[in-house]
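Shared between the two complexes below is chain A, which has chain B as its partner in the first and chain C in the second.
Entry: the complex of A and B
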């Protein structure tokens, strides 16, 4: 299937920048204007500079979890499959990274562990997705099955405390989890490698003085930016158009010759890989993982992030994950979860489309009004601006 | 027309219809043929041993009272329902058991009764969806523009499809189904709820697609004026069975058809 053929405003610009914008813009994403990209560039600069003035170590957790939010956004927001099971693939990725890296604790082995975690996240999603989608499971029953899968994993991993639950050198650890995961070091042993965790870089800035920055923060930021831009290109491609069509009307889409089960399986698998990557980074950052990643409260978080940010918006998923996690970790304890539950209810009732699409629509409305005042003949997009 | 006359009519050999709809006597292969097609929902039999055939390039209308099994038959042909028993052959191949998308790939396309364009997408995005499978770049742009123009929606390209009128949505959806370049296009009540002008536009469009592009049609419709305007041949379904087949004139003159469906004197 051919990809990338947007005919939008940027699509008429034949320069390299115009072609790149053409790939990244379209009706399936908010932010298709020069103003958006200027703001995006400023936000990237601010994120790069943030560790110089704030705690990059804390913020890196939000960036890692934003990948988990994106995994649900692409599965639920763009293909219409509401999954409570993204944390299953997150946890599988994290545990796989732990097991492989403990058994092969050099740079090559740890790099392989990262790939293994992502791959196992994808494979576990593909297996669960295959049985669901090719087994004729649809709609709310998919949600129920993914929720059950989460609870099964939580129960199963919590009872893996015995010595029989050891894979090579790696003990799964049951309820206590898997400690002593090696520090994240990527590369090839003896050739070139770099340690990203607990390896602060000291910088001297003329106006600020000496500062220490966390390289893991920049790794997480780079991966999040690459994933966000990659997913923008995907959802605005031909394949993304089919994903949206499946979300809107599965039966109609089948009648245009598309294999809807295959589309859902591929998207679900991609979501599993992204959740797996998030789990790998989570375990690497904490050098630890335990069955709480499969807990019901944790499984609910991505649904809240994506609902609040706007499930049909990749940007919404990222911003809401960062904002809500910042808020949740500021409050701490059970009260944070109570507040988040209430927040979910409020948004489902009052703003079902989420914050970012709502803001985007308001801005688009303002621009339209201005263009009417100016009496210009600028193209009027009916979808996101 | 007597019942035996109608039976003789339905037993006529497959005769190729020219684009003008006139019989030439040229024998052709049957495009679609169902054999003993049965569909039961619990204890209710929606279609009962239906043998239904359509020739290449034919424009067939399917009429009958509500509950006669018309939509069920179309859904069986396109694969959104699986038969309880019986077979479906298309272009010499057994389609029974295939998924709808596999049947579409073989050349069958369908427009459902309720307009089901993608409301959140623009007209252009809607039109692009079927075409993107087999055209790219400039060719795709040309085909998409042509499909939109053919649906009478030029100037509406960036309008959200949900904002279109009922008639415009019907036109858009027919255009999307036709843009797959099918050999057989199934339309379930394409003019229900439309004005006379809109009905005439769709009738003209169906005739043009049939005559210029050679697409065979099976059209379910209750509007007998519309049926008389477009049909080469009419099949009457009643209580899940093929009740009569023949020309619209023969069907309208049949007292049994008048009694069960068309109304009027017996």
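Entry: the complex of A and C
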């Protein structure tokens, strides 16, 4: 019921808000109703207020990783290219950020390092993508090549301990990784710049008292929201429909005159840029990066987030990343991994389409009042906080 | 001469490693279309079962190895019934709510991957909780062969021989016996096979059991030469997938060929650069190039060349 009525609203509403909503909604995303956007606004408010009650420093990690989850969702969920290589671009982005910022440790240089990280993530994805897609590699072979690429990076970076593996001032550091990455400071040195990490702002709130908030948390949150909304607009655009067509049937899409290889390459490159951005923020947040980001277990994490959340849903990728990572880091003791493994097993066996599409189907299938639709965002609130 | 021998031994070692790592996976992934990320942990089960029966129960090594294989095969059958085919949950579901609860994971690559990753987390951590961070290792049998100033473990030579024998047996079972024909019929077209009277459910179960048993055998054979840690399985996983995929559609033959090619590359580069790291990188890069230029794997390429030649005549 939701889709039918709101499509009408979005179609006829000529106001600015209506047109914006029209761009963000469509069959390729869940959440096309007023109720969804109300819940979305609530969730954003909750996330903005979260550092007042919880630890924004820790939560920012989940927001950064959610970008990595989104990068796989768009590549796999929307274009059908199952990639284990998102962590390659993630790591390349992180290492590039580290190398450039160590060599140019002022605001301009660090801003340039961020751009360099994103650009190198995109370029490495484009190179690997060109090699695979224009070489006629398909399906599971793409998956295996990306997996092997990850292992190559892991093996290679782990042996860069010697002094010959130094780029300018920056030593790659082998298995121990690259410590002492400069603090993230964006802007132009001498003109305007702002340091985002280890620079808590003290706020005084009437009811709560003095609280410290972490500006990096808000940077990560803003980038995540912008990416999520941007990707929603992309997958609901004409180009997004072509991406989905490629996922559903490559040969038929080619018959209709679309350049399947180019679509896959462009999506893969976009995914690489997003993963690179995520890696830059990861390295900036931890002021450190090591070859563990190329390890097999880390490479499987994005696939797990996206599978559990629902691979055909951007929202699923974000929520599952935050939920699983929060759970993974907050449970302690020796049973933690056993519980996580059991959860993954049960989720994937019982809900093969993922959690978010399942919830959304339940909602669409029953006649619910608006107030109840708001309530259905409850699981999300629970996982978030 | 001595260097040549070194190279030959290194080649046999890499070959045995790749082939044994891939043997069980060739069947579970290559034939059944299940990406089993817990493959390394199946090897772990075999290795631990062998070691524990040799050290705690005092069984002689061959018997302990047989126990390792058997335990892993049974374990595989249980995993297949409970998780992969969903037989047990569906049976419970039929009894309680009157419908199937889950769908089988066959040919659902990504889902089988997440499920088996969950399984592998449980198994590694379970092994750590039960056995601690390491257990005592069995001594390597057979001593060494000495040549010039070098010496080489005889047991590792035996491993290479065993891996060749294993390939021959598996090839024979899957191409020359009734059972093998039923398996291949089931994998090619399940419905037709069932219509022709093949018990496909039982075939899936047995095939998965055999694949697991082979993983267990790998674990049993490597038990005397690896350090017994809960994470020992992970070193096999990537090489196993690479070998199976590079091998191509004719799974067993392909694994032998890719084991040969990848083993040769690994041994040569390790020997030239004196670094196992670069040997591994070369192996992985060769795999990437092979997948790019021979998208159907080695056996697919051989098949295509043969067809072209026949058409030419």
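The rule is short, and it goes like this: the second predicted complex is superposed on the first by the 341 of 385 C-alpha atoms of A that agree within 3 Å, B and C clash if a C-alpha of one lies under 4 Å from a C-alpha of the other, contacts with A are read in each partner's own complex, and residues count from 1 in each chain.
To be clear about the criterion, a residue touches a chain if its C-beta (ideal position, glycine included) is under 8 Å from a C-beta of that chain, and two chains touch if they have at least 3 such contacts.
Keep in mind the model is a prediction, meaning the values are calculated, not measured.
**Student:** Classify the contacts of A:314 with the two partner chains as first (chain B alone), second (chain C alone), both, or neither.
**Tutor:** A:314: touches no partner chain.
**Student:** Regarding the shared-chain residue A:254, is it in contact with chain B (first), chain C (second), both, or neither?
**Tutor:** A:254: touches chain B, not chain C.
**Student:** Tell me which partner A:223 touches in the superposition: chain B (first), chain C (second), both or neither.
**Tutor:** After superposition on chain A, A:223 lies in contact with neither partner.
**Student:** After lining up the shared chain so the two structures overlap, which partner does A:159 touch, if you call chain B first and chain C second: first, second, both or neither?
**Tutor:** The answer is second: A:159 touches chain C but not chain B.
**Student:** Considering only touches as defined above, state whether A:242 meets chain B (first), chain C (second), both or neither.
**Tutor:** The answer is first: A:242 touches chain B but not chain C.
**Student:** Please indicate which partner A:149 is in contact with in the superposed arrangement: first for chain B, second for chain C, both, or neither.
**Tutor:** The second partner, chain C, only.
**Student:** Would you sort A:110 into first (chain B), second (chain C), both or neither based on which partner it touches?
**Tutor:** neither
**Student:** Applying the document's contact rule, which stretches of chain A touch chain C when the two form their complex?
**Tutor:** Per the touch definition, chain A meets chain C at residues 76, 82, 131-132, 135-138, 140-141, 143-145, 147-149, 151-152, 155-156, 158-159, 296, 300, 303-304, 307-308, 311, 334-338, 340-345, 348-350, 352.
**Student:** Using the touch definition up top, name the residues of chain B that touch chain A in the complex.
**Tutor:** Of all residues in chain B, those touching chain A are 78, 80, 99-101, 104-105, 109-110, 112, 116, 118-122, 124-125, 128-130, 132-133, 136-137, 140-141, 158-160, 163, 176-177, 180.
**Student:** Going by the contact rule set out above, which residues of chain A touch chain B in the complex?
**Tutor:** Going through chain A, the ones touching chain B are 1-2, 5, 7, 27, 238, 241-242, 244-245, 248-249, 251-260, 379-383.
**Student:** Could you list, by residue number, the parts of chain C that touch chain A in their complex?
**Tutor:** 37, 83, 86, 89, 101-103, 105, 108-111, 113-115, 117-122, 124-126, 128-129, 234, 237-238, 241-242, 245, 275, 277, 280-281, 284-285, 287-288, 291-293, 295
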